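Every chain is named by a letter (A, B and C) in the order it is written, and numbering of its residues begins at 1.
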Amino acid sequence: MIVSFENRLSRFLGTTAIFIAIILVLFPFFWIFLESIKPPSLGGRPDIWRFEPSWENWGEIVFNSNVPLNILNSFFIALITVVISLICGAPAAYAFSRFRGFQGARYSILAAEMMPPAILILPLFLLLYKLELIDSRVGVITAHLTFVVPVVTWFLIGFFDEVPKDLEDQAMIDGYTRFQAFYKVILPVVRPGLAAAGIFGFVLSWNDLFYSLLLTGAESRTLPVAIAGFWTFRGIELGKMAVAILIAVIPVLILSYSIQKHLIRGIGGSGVKY
Amino acid sequence: MRYPLIITNAAQMHIKYKLILPLVFLLSGIMLYPFIFSLWLSLQDYRLTRINDVQFVGFENFGFIATDQSFLNAMGNTISFVASAVIFELILGLSLALLIQKLVIFKGLVRSILLAPMFITPIAVGLMFRFLLNSEIGIIPFYLLRVGVSLDWFGPELALFSIVLIDVWQWTPFMLLMFLAGLEALPKTPFEAARVDGAGRWLTFFSITLPMLRPVIVVALIIRALDAFKVFEYVFAITRGGPGNSTETIMYYIYQTGFRFFRMGEAAAASILLIIFILVFVILIVNLSRPKVIK
Amino acid sequence: MGRVDFKNLRKSFGSTNIIDGLNLEIYNSEFLVLLGPSGCGKSTTLRLLAGLETVSSGTISIDGCDVTELEPRDRDIAMVFQNYALYPTMTVEQNMGFGLKAKKMSPKLIKEKVNEVADLLGLTHLLNRKPNALSGGQQQRVAIGRAIVRKPKVFLFDEPLSNLDANLRLEMRAEIMKLHRELGATTIFVTHDQEEAMAMADRIVIMDKGLIEQVGTPTEIYFQPKTRMVAGFIGNPSMNFIKGEISNNSELKLPIGNIKVNTTLNLGEHVDVGIRPEKIKLADLKRKPNENIVRVMVTNIELLGPRAIVKTEHESGQVLTSVVDHDDIGKYELGTNISISLASNSLHIFPKIKD
């Protein structure tokens, strides 16, 4: 028995539905992987399932393209973005969770997250243009902060809400200042939450195309922009595109797997429960 | 001691303000300032090609945008896209969440697999499906043709629908995540009470589960809809707005106006209209979804 | 009607047996209380009867009809949960009518029945409110009302009063008993509060570690505890226990001296001898038969209004607690030695459980 329904028919239908969903999700990955190990001469042939696997595409991308540089850019940008987000977001999230007078702030944070990039990109672009920071990592980090900071802060509020208030009261009775209580006692308690929020922010930054497309050039190009460059479907390029896609996707899937439980808890704790 | 009206030095400031100070500075710099800049921009004739010749033009940009056929078309496309994608995702996500909750074995594994698409960079998803659905080299049309179905997924009739399908593939997992979280947070005893009360599966679902999930549904709906309004990557990866302008979305329109035609003032005006539209939409949803007051 | 029969009921979660062979017959219209320390399996027993848990083995029948495999809805029972389990999105009226709606009764009839019960419980003015706009006591009433509306064969209550404050608890206790008298339906009531059990029950079932220790009326349970566990669990302050051994001539060898008893236990057997604190008296000058006089020192006096609890210690180190009327308190003085008397017929003798 896979699904706990009393009725046999519903059990069968439920199981089937889940199988179909799994196949629909996995098939594209599977096909892309097959494409990545097809010899380039067979690229883009939907009728070919059996062939001698070849790592030529992988070799090309790893040793003979800009993709490693793009990966480095993406990684560096995402990392710095997350560090800044956590440094600014954690104390504020703690304040929003603990002190009165910040009820509205929670929703402002959510509203900030909802701000369409269209309205921010124009001024950011002009500003960075004037400062001659187009095609610099600093510029992209600035842009990515606009959507990573609010998300990270929002999740952290939920995690701080779950820590009993007695904990810092105890620390203060033990002779710590409020601020010491925060970073010596509370921060270590929410470390898993910090990690989860940080990883989520990292994934968001890693995945962004819109800002990176407009703010990067040859030097600072990120992986999604590079992938977008495989736009033309010349048969020979298909395998390489598949490799680049897999390289962008695999680390993110591993990271996100590690935080799923926290995400579910984080959402459950952010005031959407009964 | 009386509290000073004006905080004159940092030491006197309440700790709660000290804690939020870094965030306030950061967000003012990267969001508030650009936002105000955008408002100003929307009132100027500001072209990237004539950057030293900027003129104040009042609401002229808004007038132009509001009557621009391309803008209205993009708005229409975006609205159909958002409405159909979000409704599909809501129904699918809720059904899958309920099914996964009933899983006895492999629960964690199934959940992880089904959540995967939402973590992937959308440009990769766009390109993947552009490749899978391509009428010459795509595997899906290839096998559909074998069973006698011939579809041009990115032709004038189907292109927008295909983009909806891609969005559903990537973002149903988000709904699933929200509903799994929501279901997990529901108290267990009302369901036991309902069993003792003799309620069947459908009555329990419609009278107890669904009403209790309402706050989560509303939040998920709003977040997803606002996110769908920003759809850009699929269009950029696959159709570039075409065929014709049948898949031009509002973000793609703004991108084109600002960065292909370099008309920053008009692009700013369009994005402000978008914000106003979104605001109205959110207020509407929140009001409509309030439970009716019983007299 | 509403006779319940448990036969060899077992329930295990994983490898631990929570209910370990439970046999119990519950009579029609009876008010039966399941009493025991927390974690002993009371809720599990109730949930098995409700059909919310599946049994591992054994059978449950209601009115002679085997319901072991039936869904809750087919058992004709109603349950009041500890945290009330009201449906948060429904009004009081909808909450109370939900069970009838599930039976596809017509809305008009539902309204009629709900109004009738609301009237009975004084809930009429609250019918349009949502649960979170009610006080704890009112929520409790709604939960009870929801059970009554359905006119089930058996009512199940799982510690329904434990979330209420002391005054409200007494009030609801009286109300539940009154309802039981009026409706006459079989009621099974779980609690860990012995006072509540004593006050409400026709019969009490004492459970411990998934087993029934004793079934009986409150009087039987109090005055004739069958096991050491029951004796120790019931009564406040709890019974004094003295370790001893049966020596020759059916005499008990105790640290406080030897005592003559009638017992069927064998020579050399180790026992626990119990005596309730209120049975320990000051020794009179005139010695009666069957009285055992012990010299002890008063070590502590705790005043409790009309009564006082006096702790005394024998030279062997054995501590004895007694309950003394306020009028007699002057006869006890801290640090002095007194003579107390233990009547042989107040002693309870339990064979030592070997472990």
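Everything below uses one rule, namely that contacts are C-beta pairs under 8 Å (C-beta built on N, C-alpha and C of every residue); 3 or more make two chains touch, one makes a residue touch a chain.
What you see is a predicted model; the values in this text were computed from it and never measured.
Would you kindly say which chain has the C-alpha centre located farthest from the C-alpha centre of subunit B?
The chain farthest from subunit B, judged by C-alpha centres, is C.
For this structure, which two chains have more C-beta pairs in contact than any other pair?
Chains A-B share more contact pairs than any other pair.
In whole angstrom, what separates the CA-based centres of subunit B and subunit C?
Each chain reduced to its C-alpha mean, subunit B and subunit C end up 57 Å apart.
Averaging over Cα atoms per chain, report the distance between subunit A and subunit B in Å.
Centres of subunit A and subunit B (C-alpha means) sit 16 Å apart.
If I count partner chains per residue in subunit C, which residues reach a count of at least 2?
71, 88
For subunit A, write out the residues touching at least two other chains, lowest number first.
274 - these are the residues of subunit A that touch more than one other chain.
Identify all positions of subunit B at which a residue touches two or more other chains, and write them in rising order.
187, 212
Tell me, which parts of subunit A touch subunit B in their complex?
The contact residues of subunit A facing subunit B are 1-5, 14, 17-18, 21-22, 24-26, 28, 31-32, 35, 44-47, 84, 87-89, 91-92, 94-96, 98-99, 101-102, 105, 112, 114-127, 142-143, 145-146, 149-150, 153, 178-179, 182, 203, 206-210, 213-214, 223-224, 227-228, 230-231, 233, 235, 238, 241, 245, 248-249, 252-253, 255-257, 260, 263-268, 272-274.
Give the list of subunit C residues in touch with subunit B in this complex.
Spelled out, the residues of subunit C in touch with subunit B are 50-52, 71-74, 77-79, 81, 83-91, 98-99, 101-103, 128, 146, 150.
Quick check on the complex: what are the subunit B residues that touch subunit C?
Residues of subunit B touching subunit C: 187, 189-190, 192-200, 203, 207-208, 211-212, 214, 291, 294-295.
Hey, which residues of subunit B end up touching subunit A in the complex?
15-16, 18-20, 22-27, 30-31, 33-35, 37-38, 41, 95-96, 99-100, 102-106, 110-117, 119-124, 127-132, 134, 136-139, 142-143, 169, 177-178, 180-182, 184-187, 212, 215-216, 219, 223, 226, 229-230, 232-233, 236-237, 250-251, 254-255, 258-259, 264, 267-268, 270-272, 274-275, 278
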